[in-house]
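Pasting the structures in now, so scroll down.
Heads up, the next two complexes both have subunit A, just with different partners, subunit B and then subunit C.
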Partner chain A sequence: MLEPVLSINHLQVSIRSRDGSMNEVTKDVTLELRDHEFVSVVGPSGSGKTTLLRAASGLRMPSGGEVLFEGRPVTEVPKGMAIVFQEYNKSLFPWLTIGKNVAIGAKEYPQPERVTRVEEALEQVGLKGFSTRYPWELSGGMQQRAALARAMVSNPKVLMMDEPFASVDALTRNHLEDVVQRLWAESNFSALMVTHDVGEAVYLSDRVFVLSARPSTILAEIKIDLPRPRSHLETKQMHRFVELQAEVLERVEEAGRESVGLPDDL
Partner chain B sequence: MTSTQNVATAEQKSRFYSFSLGWLGLLALILLWQLAAILINKTIFPSFTTSIVAALHLITGPIFETDILPSIERTLEGFLISAVIGIAVGMLVGHYKSARSWTTSVFDFLRSLPTPLLVPVAVVIFGLNGHMVVATIVSGAIWPILINTANGTSTIEPTMIDTAKTYGLKGRSLFLRVVLPAASPQIFAGLRIALSVSLVIMVVAEMLGGGSGIGYFIANAQQSFNINGSYGGVIILAALGWIFDTSFLMLERRILSWQRGTVGGSANA
Partner chain C sequence: MTTAIPTSANKDLGTGRFRKNRGNSARSIGGIVAAIVIWELLSLSGAVNKNALPSPPSTFAALIKNFGGLSKSLFGTLEAWVIGMLIATIAGVVIGTLVGRSPVADAASETVVRMMRPLPSLALIPIAILVAGLGLKMTVGLVSFAAFWPIFINTRAGVRQVDNRFLESGSALGLKGLELLFRVILPAAAPLVAGGIQIAISIALIVTISVELVGGTGGLGQFVLLAQQANALSEMFAGIIVGGFIGWLLNVLFMNIVDRVLPWRTQGEIN
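Here is the complex of A and B:
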């Protein structure tokens, strides 16, 4: 079998709380992301999804276990990995135009090529002609698409997404999910997304991992055997989709019940 | 389109009104001064017109090169040195938590020293000259820049820093391409305060031992009962302060133009 693109082995993450004591957020998480696979991690609020993603992408040092990207240990965000954050308005640099923001992802390429790459990436997400605008001139959904373009322009092997659609309205969310689905189908990157939205995870993924309450472990792995390409109208009406969604939701609620009484500020 | 044009003209109108009202206030003050001087009629209180004439004499006379230009140079030099050091140190202190805890008490102590007290020390080190004035300016003007920069840096959204790290911006390029622009609104607020502080310290330092400069000239004029000359000097100082601040605001508006739409949240989200 092929070596996984990203493997997270017995990852443990602790956060120093304000009083100085160490707070274990992630206890033991093991999962691998195979070549051109779409994997989601869902969990109740407070299960440390964002912390897990930050540790898996090298933005935070884990206190135990290891993360391997193409076989090499991750100590900082590796080349070939791109991250899309929930807060697009804080992730795009407000002092740069959309084109210059996207160009940050393309700085590996020499100048004449860089411009065409940026234009292509903007076109891919439906933002052709917006490169001279500033982020604040765009709607929330458009800003997140610009952030996606910045991630895509670096031609990543792995795309990490932290609740990428949580800050937009429902219709925009559907649209963005399909943009991501299309990008993923057209390119050859693997995607790891953390989300609290069970329907979204089932709709997009090949496999869904359910995280337990804090300190979190993997509670369940559910294979999503829905045909691709998927569409909101058709896929979500399928009996199998409803079944899978219910299965994942049941495990998440199970995990949520355990967490009663635990702080959920993360 | 007509509605937007109407809005534009209304905006222009209100801007014109506040602009002319501002000048009206100044005019009223000048009239009051003129009237009071005429009524009191004493040589120690020259009228506005007398003072303006004295100021013009100073600007066109030899004083311009021997005192006014050196004062401008010292102020700008002290301000620029403060800006470079203040912004650089402020970004480091703001970005690294450990650096902050090490330096907080040192900086708090240093910046609470009254600047005029440092003039004798600076005189001992540099002598009675422009270097002393510049050094004294830096000792006072650096703090609003440093503190504001550190504040602006430490309150940058963590997501912004994460984004920078994601795309391989680290070390110098992290500071120059992300931290500096992200903190620039606060940095500019600090710079503006520092610019007026620089002017004040320049005058004080020159009065106490500059050897030359507007402050030195005013102090001398006072002691030799050249009343008109000292009032002329004060008017030149006021004009300088206004010119500095206005040009600074123009520069700020240009550099921070990206900020217009972001202040008060995103208009389109």
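Here is the complex of A and C:
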């Protein structure tokens, strides 16, 4: 077996609350992301999914354990990792056009190549011709596709996604899920996504991890043995899909019963 | 969670921004006409002492007659204003950014800011005369001092309050240090900085004219002062009106520049 692209080993994250006391959000999480694998982490509200993803991507220092990206410890967002956030309107820069937003993702490439890469990335997500528009001129779904283009343009080894489809309507969400699935199938990156949406996790992933309530640990790892490529109409009617979805949901509800309903950290 | 639905307001930009202005300009012309009518009535009725309030026609006549002198005075005022604003803007943005991004300096500056801000610049005229003597240097010094505070305070607040999600987004893209400052922090703070400059524009003009009025150092202020001393009321009012007009013009010009340079300033709030 190849070395995993991303290893999260006994990760522990505590957050200082307003009164100065330390709040343990993540107690002990270990998971590996293998080459070209799609892994999701689901958990009840307040289980610290976002915190976990931020610590795993180097945006927050863990208080214990370690994160290795291609074998090297993560202390800041490493080159080769791209992140897509939930709130596209606070992650795309409103002072830049779509093209210039995406170009920041391609800043490692020299100039003539950069322009081509930006164009290609926009085309991949169906935003060809929107390069000179501003983010706030586009719908939510289009903005999130632009954020995906900005993440893809750097040709990442790992794509981290924090509730990437939570801020759009259901139909747009289905469409975005398929955009991500297609990008993943056509490229060779590994994806780690946190979401509260069990169906979405099962639909997209190779493996789904279930987080307990906070302070969180891994409650279960469920292998998703659904054939690819998947489609909303066909895959979601499969007996196996329904079975897997029920299995994950059961574990999430189990975790949720212990939850005291703390809000996820911001 | 709200989903952004494209409406005609945010789909069709370039026009949306100025759509309101058409109605507004009709109304503002109406306001000016009304003000002149009230002025005429006050002057005709004798409600206000005739020796203190000239009639609009005689004021406009004085305005035309003194066009050359007024232009020269206006140029003098604008010279001090421009230099003062330039110094205040550069100093305010640079120092505001440094202080705003350093928690230590930010906390340390808090009390100084609270003490200096309400200080009326005109109270500093005696000190300024001692330091710089009467003249352009002194006026510029006082103008930049007065205009510095709103720009500094807004810049400091702007760079301090940058949404953490923008910063994380920048970090995720590998931006750090000066790159993060120039590509994320300063653009994100720009609307607040512009607000500070907007406030400073009027303050700087008030201080410029006031210093000229008190110190007799040329410009519109001195024009008004000399007219008053010569008991030439219409000329005095002509000078005042030119001052008001230039203040309005500078504000409108600046707002138009801001609309063009920071188009997301208002649109960004839609989502």
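Throughout what follows, the second predicted complex is superposed on the first by the 259 of 266 C-alpha atoms of A that agree within 3 Å, B and C clash if a C-alpha of one lies under 4 Å from a C-alpha of the other, contacts with A are read in each partner's own complex, and residues count from 1 in each chain.
The definition used in the following text is that a contact is a pair of C-beta atoms (placed from the backbone, for glycine too) under 8 Å apart; a residue touches a chain by one contact, two chains touch by 3 or more.
Since the model is a prediction, treat every value here as computed from it, not as a measurement.
**Q** Would subunit B and subunit C fit next to each other on subunit A once aligned, or clash?
**A** They clash: once the shared chain is superposed, the two partners overlap in space.
**Q** Pick one for A:G105: touches subunit B only (first), subunit C only (second), both, or neither.
**A** Both subunit B and subunit C are touched by A:G105.
**Q** Who does A:M22 touch here: subunit B (first), subunit C (second), both, or neither?
**A** Neither: A:M22 stays clear of subunit B and subunit C.
**Q** Which partner does A:M238 reach: the first (subunit B), the second (subunit C), both, or neither?
**A** Touch partners of A:M238: none, neither subunit B nor subunit C.
**Q** Return first, second, both or neither, reflecting whether A:L59 touches subunit B, subunit C, both chains, or no partner chain.
**A** Touch status of A:L59: both partners.
**Q** Of the partners subunit B and subunit C, which touch A:D169 in the superposed model: first, second, both, neither?
**A** The answer is second: A:D169 touches subunit C but not subunit B.
**Q** With the touch criterion stated at the top, can you tell me which subunit A residues are shared between the subunit B interface and the subunit C interface?
**A** 54, 57, 59, 76-77, 79, 81-83, 85, 87, 89-91, 93-96, 104-105, 107, 134-140, 143, 150
**Q** Show which residues of subunit A lie in contact with subunit C when the two form their complex.
**A** 54, 57, 59, 76-77, 79, 81-83, 85, 87, 89-96, 104-105, 107-108, 134-140, 143, 150, 166-169, 172, 266
**Q** Can you tell me which positions in subunit A touch subunit B when the two form their complex?
**A** 54, 57, 59, 76-77, 79, 81-83, 85, 87, 89-91, 93-96, 104-105, 107, 134-140, 143, 150, 154
**Q** Can you tell me which positions in subunit C touch subunit A when the two form their complex?
**A** 1-6, 10-11, 13, 163-166, 168-169, 171-176, 183-184, 187-188, 190, 262-264, 267-268, 270-271
**Q** Help me check something: in the complex, which residues belonging to subunit B touch subunit A?
**A** Residues in contact with subunit A: 157, 159-160, 162-163, 165-170, 178, 181-182, 184, 258-259, 261-262, 266-269.
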